[in-house]
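Report on the following structure.
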Amino acid sequence: MKRVLVALLAVGLVAAAACSGDTEEEGPVKMGFLNGQSGDYGPWGGWALAAAEVAVEELNAAGGVLGRDVELIVEDNGSTPEGAVSGFAELTEVDGIHALGGIESDGMVAIFETVHELQIPTICSTCGTTELDNTGGDMVFRIIPSDTDNGIVGAQVARDEGYRSVAMLVELSEGTESPANVFKAVFTEQMGGTITEDVRFNAGETTYAAQVAQAFESNPDAVYIAAGFETGVPLLNEWQRRGYTDIPMIFTTDLLSPEIAQIVGSVDGASAIVGATAYDTENNPAWDAYVPRFAEKNDGDPPEIAFYDAWQYDQYIILGLAMAKAGTTDGAAVAAAIPDIANPPGVEVFSYADGLAQLDAGNDIDYHGTTSNLNLNSVGNLLSPVMAVISVQDGDWAVRENIELDPTLVKPS
Amino acid sequence: MQNVIFGIVTGSILAVATLGFALVRQTENFLNIAHAQMMALGAFIGVVLVDTYGMNIFLAGAITVVGLGALGVVLSAVFFQPVRHQGGTVLLFTSIGLALMMYAAILALFGTQARFYPDVSGSLYRFAGINIATNELVIIGLAFGSIAALQLFLNGTGLGRAVRAVASNDDLARVRGVPVRTVSNTIWFISSAFGAMAGVMLGVLGAVNTEIGWHNILIVLAAAVLGGLRSITGVILAGLLLGIMMDVSALFIPTSYRPVVAFGVLVAVLILRPEGILSIQRRKDAVVA
Amino acid sequence: MTNPIFWVGVLTLAMIYSSLAMALNVESGWGGMWDLGIAGLLAAGSYCYVILTSDADLDMRFAPELSMWVAWPLAALFTGLVAFAIGAPALRLRREYFLITTLAFAEIIRQLVVIQADLTRGTLGVPNINRPFDSFVTGRDYNYVLLGIAVAAAAVMYLVTRQVGVSPFGRTLRAARDNEAVALALGKRVNRMRIKTFILAGVLIGATAPVYLFYIRAVSPQLFAPGITFTVWTALVIGGIGSIRGGLAGAVVLIVFTEAVGLIEVDPAHINILVAIEPFLVGLLLVLVLRFRPDGLFSERSAFGAGNRPSRDSAGDSRPAGATQGSGG
């Protein structure tokens, strides 16, 4: 015991000795990227990282941030909250990051308090958790729609399509259950719709045949599916094989993957629509500039309208511009500058270089990203997320129309 | 009735996976946690051969099964032989170490993106109100065919009888001059090959991702224990029953309770019939006297 | 550039895993009950603590908002109760049967947490865990407080488990593990002793649960996947099953090693390699320790002296679960 304690003490002392002074205002600007590169979020990790790299390359191509090189420091959290806590500690205490991006809902909730204590400006580009609906805005900003919005828009789409009864197929995870629960509440309480069957299931089952049968054979007008795309593929293989293809489907955004589009597209007359997500693809220079670079990162073979990746890009452009605006990498100052550069008033800009030029000229800017105008409200959420109705056309996902959330639909209590 | 069909498909794969696991448990006397990573490796190699190299699914499956069978022999020689005399505890934890290393190899070689077998489900047959797809028929057929082949091998060949001798009494088999090393290699080949085959089947029905091994080890462990650790027929029945039970239970209780049901039944069966579902003679080693 | 705070965090986590490994050692090392349900007991203690202390405005059906100093011991007691509920039926079983039953119970507990969402907030989880002394010490400095709490918890765990280990109770427990027939013949009430041990382990794990939550700062069901059970077991195996210091040393080695491996810098272009390094090296460490020090860093014999325990040759296979031949029931 004594020896162990002595050893512990020694490790602590060596570590303390190794600690040199903070090189706050020189050296590269360090952007942390904490994300599930392995584990359950692993399948998304590659695309997310590619998008982040596109952004950092853009920052460096424009001369870096505050005249300093930008370094992207990647840390895998293994898709667990424990990994997020220890990964965040490593990023802040060992690597000395100035800002953070990339993290998912459960990890964000775990490090939320620490982010504030350490004053690390953090943009959440993959967390829809309803937990952040009212708690951000000081240090944490979210640039994707909340799961609340995703649930409401799903119900809105169901109503507009004229569906009166819906069966639900919901994977048991935070990211899929949150929008599904909102959908269910809004659809039944505010629209008078009925849920014929609410089937919840775990990821990683051998097959989903029984669950698919249960939902589709309850005679619904449509089936609402909230699942990750890995479970979505076997699920839809079942759907196709069993011949349920005449029943239309409503998906959550996690199912926006090319594999899913292929399966749905291969069936004549099948209908699958996704309400929500916020790809702002019409007349948007930021989006137009981003797409070919992202494709190149993926060896010319990107997912068509992949989910989340563009937000991974937007977040680092925002952070770069906020640092330029603040004139420092100091956390509090950068966080305070984030709404300034994202919101009006100001000259609308669509890239880091343009934004930098306007800032140098002494103008206010309003950055418009690849995914939306990125205007933020006082709790760090998107003020008016651009929602889109996306459907499968010719075996690919395509935006059918952009819509706004019906203001008469409210968040269920 | 349809759910019974689903259950038989699930159960056939589970039986194949568990058989490989149980064989090692019976002959080498330890729980080989790395078995599930062999399944994951099988799913990945199969999907690469089919999807990337455009190979026929049956050819790809055969190459995967034989190749990983051979790999299993090599891994057992490198990892398990040197610590064999240390007993089951050390072997069990060595297999956890090996599982982590195989998982790392899968991450490094194949990356984390999910992969899918191109749709090989084939056409759908309907009769008497139920339906079944070609690939499901093939899976059931292959599963039972390979299990039957294994039984023939164990009962009808000299080597097979030697394997059974080792399974029932290692020391006695040694004394009687059974070629223990050859038998051990045979066992590892069969076990790994069955694991790989189950992996390819899982991949064909679902998605292939790096977590597939960890997701399946618990249920394999459960089926092996439920089947009784010494009975091959018991393991097959346990796999089928677990599969059918999970799919049929969906009709009576909310599907979210499905894993709870599976494990709840497992616990109940173990406590009521600790010797496993098939064994007639109560086995003394399972329960406190 | 390495800030001591990072290593303070690593040591905190190491102390938490040490505590869990030492508790596991009592039931599995000495009691011979191979428990794969650590995650379940940890979940029981964690959710008990969280439900008793969380703010009422989190919309949980039951939120008495107790003081953490009341909730902490209650969490330990509650986990002991859960252990009793699991142990009463499960302890009739031996070896793999016990192992799989505890594993099944752990999964059942985790699934119940997911399903009983109005009590636990389900997959959404609970943020802002109440932590002791956080009104006095804030920010980075709190990490030192947390390390102090974790070290104190580990020290208490060490003293308690050591006391159990050297007591007549501990000796009988080990004797019954090695030869149940003899223990029974000597008139020892082996089953009663085992259930007591199992409950004790539950209480100890439940008492550690809040410390784990102080470190994570939020709770959600995915914290209690079976992975955590395997990590605790790996720590104990590396340290030495059945020894007094094994759990402590093994967890420190494992966690410090894991986090140090995480410091290796890899170009993001080789992200596959980056994510593979850690499981590969941890797996290799486990394989190598078992190959060259199969008893772990500290062996049971060194802890209790030779003669207290049968020699290796006969001892190798005498562990009840996962091992080959049993003690004979």
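Order of writing sets the chain letters: A, B and C. Residues in each chain are counted from 1.
Convention: a contact is a pair of C-beta atoms (placed from the backbone, for glycine too) under 8 Å apart; a residue touches a chain by one contact, two chains touch by 3 or more.
Keep in mind it's a predicted model, so treat the numbers as computed, not measured.
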| item | value |
| --- | --- |
| Between A-B and B-C, the pair with more C-beta contacts | B-C |
| Most distant chain from chain B by Cα centroid | A |
| Between chain A and chain B, centroid-to-centroid distance (C-alpha), Å | 37 |
| Centroid distance [mean C-alpha coordinates] between chain C and chain B, Å | 29 |
| Multi-partner residues of chain A (at least 2 other chains) | 37-38, 42, 45-46, 172 |
| Interface hub residues of chain C, defined as touching at least two other chains | 114, 227, 275-276 |
| Residues of chain B touching at least two other chains | 107, 111-112, 256, 259 |
| Interface residues, chain B side, partner chain C - complex | 25, 29-31, 79, 82-83, 85-90, 92-94, 96-105, 107-109, 111-112, 214, 218, 221-222, 225, 229, 256-257, 259-260, 263-264, 266-267, 270-271, 274, 284-289 |
| Partner chain B, residues of chain C touching it in the complex | 89-97, 99-101, 103-105, 107-108, 111-112, 114-115, 180, 190-191, 226-227, 230, 233-234, 237, 241, 272-273, 275-280, 282-287, 290-291, 294, 316-317, 319, 322-324, 326, 328-329 |
| Chain C residues touching chain A - in the complex, by the definition given at the top | 1-11, 13, 114, 122-125, 127-128, 138-140, 142, 158, 215-218, 220, 222-223, 225, 227-228, 245, 248-249, 252, 256, 259, 262-263, 268, 271, 274-276 |
| In the complex, chain A residues that touch chain B | 37-40, 42-43, 45-46, 172, 198-211, 213-214, 229-231, 233-234, 237, 240-243, 259, 263, 266 |
| Residue ranges of chain A touching chain C (in the complex, touch as defined) | 1, 4, 7-8, 11-12, 15-16, 18-20, 23, 37-38, 42, 45-46, 49, 53, 72, 74-76, 78, 80-82, 85-87, 89-90, 93-96, 106, 109-114, 117-118, 129-131, 172-174, 177-178 |
